[in-house]
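Got a structure for you, written out below as structure tokens; questions coming shortly.
Think of it as A, B, C, D, E and F in the order they're written, each chain with its own count starting at 1.
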């Protein structure tokens, strides 16, 4: 490993400062602002008493997600997708990833024939928006479930375990945890890892940006991700332990 | 006037509590979170060194705006416009209004052949999102102009005067200033007024939702709006007077 | 007031010659060609025995409008919206305005669970297309209502009062009634006013194109509009008084 | 041949009453309202001093067409294509046919590197809208050419010969010329024929709606079409012989 | 007739080598690769137990077609229509033609309330893709009907007769049968003819690309087409006579 | 490991029969039909002497890919994306993956300022379409490079190494190589792995469909993928070793 120096002397295996603000907006059943360093994502969870066509009459519910980035969340203003009239391939990949990650920890039978829609909107971007989104979306979804329980709409929680996500990558030969934007741009290999609190994998998406990476490097990256996820799920637990009543929603 | 009672005992001619937070996000040349009671709109101003086709070679600049609402800014989740693949007629009306209102106070010749793009994204909605957006957009645009001056890209400010906006309406026969959502839904007449700090009109858009309104009622509404705008432009002045250096932008 | 001279020596407070041709095309329940000087708009009213989703089961009907401009209605050919694949923001604003204006004079309960769809298509444009459209749409809608009465589908008219619209503006300091295209292009302030025959307001949309306008100027403009609307509603009455049987429709 | 009886006792080989009104609207270089019985189509020809990409730098011009139908031109209101966001396959077929038919009689080299855009908008439909459109478009294009000559933009006419179109079909075994809507709906075979004044074919589009048609039937239909085209081109000649000065256009 | 020389010394009235491969892919109820020289089109017929809205409850079925061309089926890569977000006018014309041609030989009552969807995808193009598509689509549809009979879903075949298509044209004054790409590009007149095995016409679409064509030329072209169709329907019969069991489909 | 039995007694670590047919269609510079069991994908590589905007003037080339599936490539007919007017999120994910995988083995500087566009169209699907596409796309791209060398457009090959892809997954506790459709539908974990001939990783995309997977399971899957990739790159080498001259392209 070389001596790649991170912003503010961050250790190669350290997360950026993480903040999880629950009940960030008024109307949603779950509403979380999650902060990974300079990345800030607003994750809301909305309960709807209907399901998409492929689940109708199944007795099962559905959990899905949409992702967006405010035009000036980034250094250079990006075109507004609503004005362009379509979501980019990148946006669709990310929202499909968030949806799969959440569904992996939900028992859709226990949820009953209703939907939880997660909206992840990036207010400010500095790398890792999709991993912050997944990590925050879990907390928002948890609050929506608490709301369902408080309303008496469900009798037990459909959440089987916690899920969080983190990015890892190799920059100048150094494996790094939780890449910020300048690291992400410079990295040879970029991997997003979604794991359960128990340390099992839900998604692994690794890409060689520059040159192909070896099995050894992959193992180092998975080690780093495992460490990061353990810390993130601890922070989720702590945020949820606060004794706030569930959001009143609409 | 009847005895319509407002939330939290607000007087019929009182604004909701207003907050103007400058430098709310990192990257934009101007970035303002404006709060009108429970309505929160993030307004960013982005400088681009190019102009749309109809201004190319004219020596004049351009100021334009886009507007969006996060899906769960509202009581019931609204469909994401990027996913639907088009902006609603309402969204287009609002963003055209914001753009016209800002251009009305800009000298486009002095701005030079560059653009200021205003993005107004509603994080939380409780009525008056377009008037909050215009009021906040002015402050964001002012910060972008300060940035241009600080960069030496322009020698003098292209802003001729301040602009702010407020809604007024008649609910149960009572003229009210700065309608919140429940008032907006109940009102017979709804009017959005955009004015300069000097008290002149830039836009007046009045609509009879229920029954037509008389000339007398129109006069009462314009009086209320004039009062509200004077207070809002005073708050803009105060927010801009704070001695923060202009945002570093990208 | 300065000495701005209008085309063909028209007085500042005079309408252009107005013509209202009923039963202009064969198939529609109401079909009106309205002429404001060189502006010609074909307004058809179509009855459909169904309502949009938000009215289903309500017992109430719906009145809505669509607006279009033939590509060469204007001096320079405009792109065909059907070919571009979307309606401009301007088109949407106008058709929403026409729809609201008509609904303001309809009792939707009395109409019953059916729709009246107004199509306003500009054959030739010389300013004031939206105000001509509203004025003509009222007559077409009235003929559609007569058709419904003649068919025995409704027992009494759902129309509460007449509605008409006119533009006013300030050009070179002179307030003018019913702007034609060259005046509209030159004006500092442009206002579209929709009023009932009784002289109350349904919509007021005023915009400062150049510099902001004062309360005094607004009052002058509203006076002019009130005069113009009184003349237009008289002409509507006269056109409808002609003893033609209601159109046979399809 | 059976005894199929046509509306108003029209002979099987007779056209409906045809009217050709030149200079129907103000702004276009050519503007023609063509009437085939109850079918009315407004055809405008617009000159633009530019060509599409595939003709740039070729020294040749271009002639193209667009077609539309007002929503209530028909018995039952059709959805507005601009609102649906796309043109139907039928619309595209028709406008491609009109464009090819006109280009077939133009010498694009003589036209020079400029375009003539034909807009055919159906105000009222009763069968034969595409054949009326082609027949009227030729007259509008001829007026646009006269305007180009009058402006001194071209020295000689690029039009090589006249073009007109008519529909023919077999209804209950009877070959009929110039089908109106009820005949078109009932016919077994429907054929649109585009021919030059000299009697040669530009397009033949025959379709068996019910059962396949024989070579003998085809010959009868082509005979009828030849007769109809001869009459239509005579009417075009007569309409163009009127001594009106070319339209002033914009 | 001049001495236009065709590729590989083909006679002016000769088809290119034709191949018809049934059961070309696994899943479709009918799947045919049809080869006209260097033109190769994959035609699949899919049975669906539902009909479009205008046939619901009618007791009748529906037959329709879609057409596509792989981006590099042609000399120069064409843009992918799915990526552009819309089908070209040419694509829509062709798929409407294929659908009409097939429906002309189907008794929709006998088919029952179900659909046969034909997909014609051009793997390699060298002129005549639409005529090859129709000729192959008939065979695929026939296999789908055999499958329906074998499944006991219908008791008798809804196919009334065979249909095939061929192009003819005039190149340098010589009438040619079954144009390949270089001939198609050079031709003055291009005609696509769809006929039944009995020698009657279903569609005739003739276009003068260069100069108008005479009645005499039309007759020569129809003679050529009649010869070609007779050969093609013989090849279809032979292909279908092979004793393969109907495809197992899904 | 349990006793999951594969189709035709395939071993858990065996690929399906693979075929690689070069020069499958005429026009493309590279054209390969790749067969993985019942999955068949046509991969063409097209050379264009231009680059997308972000590469203009950079001296570097570009390699990109598009993916499509014929509507009846699957058991049940899927809607044609060109007709729906947009590519699904799945399609976009896959074509982005193919493009990244190819670019990872190209030296874009050596390619020079031109593009290679890969089109991967699935003629028949039985699982693993994206991995077959990548494996075939490499061979097609290699042929396009040979064509560029033969034309003297480049002096040396920009390809640094071979790339292939394979899917692996866990079904009923058994890790399997190269999943076919029924296995893919049943699996708990599904992973697509893209590797170089040297055995390094370009992409790893693993998804827990049912329950999360452990680090141990991940290691077993990566072992299987490594074995499969070694066999696939050997087959690519063999296919390319055949002494056919490069395709003549257009």
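Here is the rule we go by: a residue touches a chain if its C-beta (ideal position, glycine included) is under 8 Å from a C-beta of that chain, and two chains touch if they have at least 3 such contacts.
By chain, UniProt protein names: A, B, C, D, E, F = Ribonuclease PH.
All of these numbers come straight from a predicted model, not from anything done at the bench.
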item	value
Steps needed, at minimum, to go from chain A to chain D via contacts	3
Third chains touching both chain E and chain B	none
Shared chain contacts [chain B and chain D, defined touch]	C
Identified repeat of the A-F interface (over half of residue pairs identical), from D-E, A-B or C-D	D-E
Geometric centre distance via CA averages, chain E-chain A, whole Å	51
Where chain E and chain F are represented by their mean Cα positions, the distance between them in whole Å	32
Overlap residues in chain A, where contacts from two or more other chains coincide	85-86
Chain-level touch network, classified as line, ring, star, complete or other	ring
Residue numbers on chain D that touch chain C, as the complex places them	25-28, 31, 38, 40, 42, 44, 46, 48, 66, 68, 70-77, 80-83, 85-87, 91, 117, 119, 121, 123-124, 126, 250
Residue ranges of chain C touching chain B (in the complex, touch as defined)	86, 89, 92-93, 95-96, 100, 104, 191, 195-196, 198-208, 211-215, 218, 222, 226
